[in-house]
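The next part holds the structures, each set out as structure tokens.
What follows is subunit A paired twice: with subunit B in the first complex and subunit C in the second.
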Partner chain A sequence: MSATHKHPALTPLGGPLVTPVTVTLAILAATAFVILGIRFVFGIGSVTNVNDGYTWGIWVVYDVMVGSAFACGGYTMALLVYIFNKGEYHPMVRPALLASLFGYTLAGASVIFDLGRYWNTWHIFWPGYAQVNSVMFEVAVCITAYIIVMWIEFSPAFLEKFGLKDIKKKLSKVLFLIIALGVLLPSMHQSSLGSLLVVYGYQIHPLWQTLMLPVLYLMTAVLMGFAIVIFEACLSSSGFRRPLELHLLTKLSRLMTGLLAVYLVVRLGDLAVRGALGFMFEPGVEGLMFWVEMGLFAAPLVLLANPASRLNPARLFISAFCLLLAGFLLRINSYLVGYETGAGWHYFPSVPEIMVSVGMIALEILGYIVLVRYLPILPREEKI
Partner chain B sequence: MSANIKTNESVVAVENRLGISRRSFLQLCAAMAATMGLPPGADAAIAEAVASKKRPSVIWLHFQECTGCTESLLRAEHPTLEKLILDVISLDYHETLFAAAGHQVEAARRLAMKENKGKYLLVVEGAIPTKDKGIYCKIGGQTAIDMLKECAADAGAVVAIGSCSSWGGMPSTGPNPTGSSSAGEVLGKVIPNIPGCPPNPYNFLSTVVHFLTFGKLPEVDHLGRPKFAYSRLIHENCERRAHFDAGRFAMEFGDVGHRKGYCLYKLGCKGPETYANCPSILFGDVGNASWPVGTGHPCIGCTEKGIGFTKPIHALADLKNVVPPLGYPRIVEEQGSGATIASVAVVAAAAGAAVGAAAAMAKNLGQVTVLPPEKADKSAGKTETERAEP
Partner chain C sequence: MKRRDFLKGALAGGALLASGSPAQARPNKTMPPEAVGLLYDSTLCIGCKACVAACKEANGMPPEFSTAEQYWDTPLDISGKTLNVIKMYKAGSGEIKDSEKNGYAFMKVSCLHCVDPSCVSACPVSAMTKDPVNGIVSYDKGACIGCRYCVAACPFGVPRFQYDRPFPQITKCQLCVHRMKEGKYAACAEVCPTGSTLFGKVSDLHAEAKRRLALKPGEDTEFPRGNLNTHDQSSFPAKAAKYLPQIYGDKEVGGTQMLKLSAVPFEKLGMPTLPERSYAATSETMQHTLYGGLVLPLVFLGGLTYIAKRNVKDDDENE
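Moving on, here comes the complex of A and B:
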């Protein structure tokens, strides 16, 4: 497919690394590391509110479930460009991949923070210890494999920077295999993140507990992949004062809204088939959060209903933002809000717990800024 | 179990002979195979052997003991056990069970020994007094030492049942006025033994059945104890073990911890230094928790030389392979707290910052330069040629 599309070459952005934004981000990230230091010295109970009833707090539900879904940009773009052969989106692949790389690597690291006996982590990968029938095992191995695959997928950026042309040439011969894995693996574990919930059984509120969860999680992961690409494109064009590739975003948003409509049909259809529609009218936190979640899913459909509105960057940005929030809420709702394990158990993240998640986000953005300035990731800017 | 076992004539014959259903007979054989940790298929071999083999002659000697081993075997609640043991073996000499007495029985013993020379199974119950040439225990005018040596000389196999004959047991406890010794010590070699006071009848039965099925006794450790029953500490499989690990102990009989079923280690339980399969197969066939620790009494280490009848019951056990943790988790399980003002404030601040930033961004995007599509396609100053990469 290479011959048919010609794109501006990718170059490092350059520019200052120390700015008020990067310094703020660095402070937030440093705070997170101080809290993690306390966690590793005094134990997980000293900084988080997780307990034996709520064993998964936001370090898993946000940092891993949501964080990896936010990091699906690389997956969605690879799917579009390499599987559906939409070469026109090619300039967006590498920036999307970089964000995914950060998202996933930090998600993988966050699991270690959350494991009570983190020193046993290697057991997952040791055949004698692995419990191969476990959904969690599938997720753990798959995500780890994907992180490695993404680093390889992204390595041409480093190889270009350091002028290692021979290695790059050799790598590009087998890269198609890595890219194929890069599309396969997220399809596996993003759906498995939903399967994990199916295993919870009746402990999950009927508004979220369904055998369709793997499908819903996979669809929203792809949707969030679209959204994060639009979101990041807007952010970097505004933040780095670069022109916006609006024509690509418009096309992307058309795909996004189409898939979103399908998702809503599946979601509501599933509720109807299970006879669970009535639960959304029951007063309570679950009902309220369901409406907020569904409202955010529906918003982009309304905002982008008119084809002309897809040419408006602000509308595209807000739609992507709503969709990201909606996917975020679907995960938070199904794992925490809709989870009830018995009388007396409570969970709400503690301040240090939240600060670690905030710090992880800050680290991600900081890393992105530093790397796009330093490595060839964004297309060369055209002077208009 | 193979199909031929179901129709096997001798198995059907067992049904009539013992008055038990074929199903419970096969279940018992399977349970014995499992107790001994034998591979799949052994249950069928056992069933076949028990049902068809000629019953081995057994000579059962009693010395310094309380007959508890025999009693526990006969009083086993399992309906088939004593029937089976008496069916499996031909008990040619047993002082407790014989109707006959005096020279008549002694003659029967000598006859059985002569007829089954080199094939009979000798079971020894009770310790043997050795002080003053063994005069403290005599049967038919013969000392225990002489009787044991005479019977052991032509036996196919010798098995010691109970702690007394296994390692001296209660009679050998200091000051030991009669010089009580184990059967192995008197015979000058390690013999297979089933220690316990009394031992679990299933361990004995399994050992005998193994002999019957495979023509040899099961694998034993350096002290002659069958490995299937005595290779693990009681502590390793104890149902109260979790309490030990969590630091929950009964401190005295009848206290709150004792009533709640906490670990009995601090009451002197010898589980951590006693090798036996009691927690796995229990005792007395009355169901769940029917073994000493299960009923709330610390293990006294009855199977273990130097512990049972030697160490005071209240004395702490030596921890052989499990050392308690340096710190214990708290017993109170925290159920978590709901939202605090601070945490809600932080969540609200984060959400507000995100929404605020998004709104500001959206406003900014109104002024951003938009790259026209045709420009983007033609503007390639330097085009990329390698495509199989992101």
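Moving on, here comes the complex of A and C:
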């Protein structure tokens, strides 16, 4: 079926590992670990502003909810290439998968920093402790499984590097099962990250509290997957001075805007069915933030409305950026801005708290740079 | 071609769900047979905070200071150090007890021991459990991972966390379940001088609450104190207040084992207006619809595996 697609071989990029960029990233990551050291000695409150009114700060809402959605590039590309059989995107799978692998592994790891009684974490997976009615249980098990699945999915890159051909051959025989899991598991937990909010009930503002939360979170995770692939392709082409695969990004952006239009219909339709449309016109921070969120979701539709504009790398980049911000805001709005558990509670992240999240992002980018230089991930440049 | 396969898989999943559906709406849970709880009558409360001190002592909780001097325990809210407080409502001149205008009133803040608790539904590791017989919602620090989903989920903002400790716990009222083994009952009810906080079986507390609501304002009556079922203390003679015709906790999120009476609207006293359907039931119905018997995930996995196998094979042939 996809026999027409010829892919250039994947190859390590090579080049220096110690550069001003990598050193800066390493310093940021090291700072985060110093702050985390303080957290483990003096408690979560010693470095964060979380409190009983906002018990989940950015270490959960950004690092996990947003971070894992930003890491959906691998999921979206696997969905396109292996399920919808769009073989032409095959060269984009491995770089996307690497970013996803890092995003998810760090999201999973940073959960531990936020768990008060982290030494009991294994209870989630232990019969007798595990509580299957809990949405958190589903999220935790599913994300853990997906991280393992992604490492297996990605392992051919290592196996190629170390010349372990036999293992790679055996693995490729069952790879279809791993790929299927790699599509199923994110569909489950990305939707559940929205479902987590349902039990909060009235504490979530009606602009965000709905039984459609799993659908909204899932659709935006796929959208953010599209967006991050375009975003990263633009960045890595300028950062590594490689040609931009513009024809692929153009086609990708068409799929992205199509899904985006469906999302906006679902989002507004849900508000209309619940009779909650009026809340967006009520003065206050919730209404304002809703408009910003929706504006950012709508922006790519406007920016990329004209087919010719999809050939413009700057427009593609800005559209992807808007969409990433929009997905970010949906999550921040539903978990923090639209959350109210009683009068008198306030939360804004502290500087050390932000530095930990920044450090995690730095570590992610650093790992990506090191691995694409060392392992066969990006397609070989064709010399013209 | 392939997309049609995918849709076929999805449709098969939908059909399976529709026929042998494991997904049925999960109703609210019902009151356990021997449920015990508290009746808090805001109109009887004099704000002495004997219950706050007794709770601290019975549960070995540290003092908490809100004044510069730090002479005595002065908690302003429940917290990682405090399981029970009495809060005051004040409006206008604040002179008339139990008056919404120019008056004041008290409210006890502690766990309501929901019949269908959000914290129990939310907890991923069974650290929050509801006793099937007496209905007490208790916390097991040995199981807890400290994720604080219970803190965020509780509609009453009850479970709290110790942010200032390297080895923190969740804290909440457990109705002095540890004292019950010694034949005692909730310390807050035991020390209450006016019977404002009364311990007993929920069915009996409910009957007592209805009796009070039926009284004429100003009518002389006797208010039981301590334990309603053992009558361990003499009753408190007083005049009936002008109650609102509502037992808070009777219907809220499927009912709670702590019932409350007041003359000032509960919203004003910090108690939210809540629906009868529990949020736990809504959340679990959604989860069971999606994941009941793992039917839907397995059907999708089957469809995805089939499609992926064909497409990967195509891929191999190319190489």
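Criterion: the second predicted complex is superposed on the first by the 380 of 384 C-alpha atoms of A that agree within 3 Å, B and C clash if a C-alpha of one lies under 4 Å from a C-alpha of the other, contacts with A are read in each partner's own complex, and residues count from 1 in each chain.
Quick note on the criterion: a contact is a pair of C-beta atoms (placed from the backbone, for glycine too) under 8 Å apart; a residue touches a chain by one contact, two chains touch by 3 or more.
Being a predicted model, the structure only gives us computed values, none of them experimental.
Peer 1: Sharing subunit A, do subunit B and subunit C clash or fit in the superposition?
Peer 2: In the arrangement built by aligning on subunit A, the partners subunit C and subunit B clash.
Peer 1: Quick check for you: in the superposed arrangement, does A:124 touch first (subunit B), second (subunit C), both or neither?
Peer 2: After superposing on A, A:124 lies in contact with subunit C but is clear of subunit B.
Peer 1: For A:50, is the partner it touches subunit B (first), subunit C (second), both, or none of the two (neither)?
Peer 2: both
Peer 1: Just subunit B (first), just subunit C (second), both, or neither: which does A:347 touch?
Peer 2: In the superposition, A:347 contacts subunit B only.
Peer 1: Tell me the contact category for A:172 with respect to subunit B and subunit C: first, second, both or neither.
Peer 2: After superposing on A, A:172 lies in contact with both subunit B and subunit C.
Peer 1: Figure out whether A:245 sits in contact with subunit B (first) or subunit C (second), or with both, or with neither.
Peer 2: first
Peer 1: Touching A:313, do we find subunit B (first), subunit C (second), both, or neither?
Peer 2: A:313 sits against subunit B, while subunit C stays out of touch.
Peer 1: Clash-wise, after the superposition, say which stretch of subunit C runs into subunit B: 115-123, 205-213 or 223-231.
Peer 2: 223-231
Peer 1: Which positions of subunit A sit in both the subunit B and the subunit C interface?
Peer 2: 1-2, 6-7, 45, 50-53, 87, 90, 172, 175-176, 179
Peer 1: Show which residues of subunit A lie in contact with subunit C when the two form their complex.
Peer 2: Against subunit C, the touching part of subunit A is residues 1-3, 5-7, 40-46, 48, 50-53, 55-56, 81-85, 87, 90, 114-118, 120-121, 123-124, 128-131, 133-138, 140, 172, 175-177, 179-181, 183-184, 187-188, 191, 195-196, 198-203, 211, 214, 339, 341-343.
Peer 1: Which of the residues in subunit B end up touching subunit A in this complex?
Peer 2: 333-340, 342-344, 346-347, 350, 358, 361-366, 368-373, 375-377, 379-390
Peer 1: Which residues of subunit C touch subunit A in their complex?
Peer 2: Residues in contact with subunit A: 1-3, 6, 79, 118, 121-126, 141-149, 151-153, 155, 157, 160-170, 253, 270, 272, 274-275, 279-280, 282-284, 286-288, 290-291, 297, 300-301, 304-305, 307-309, 311-318.
Peer 1: Going by the contact rule at the top, pick out the subunit A residues touching subunit B in the complex.
Peer 2: Against subunit B, subunit A makes touches at 1-2, 6-10, 45, 49-54, 74, 78, 87, 90, 93-94, 97, 153-154, 156, 171-173, 175-176, 179, 234-235, 237-238, 242-247, 313-314, 317-318, 321, 344-351, 354-355, 358, 380, 382, 384.
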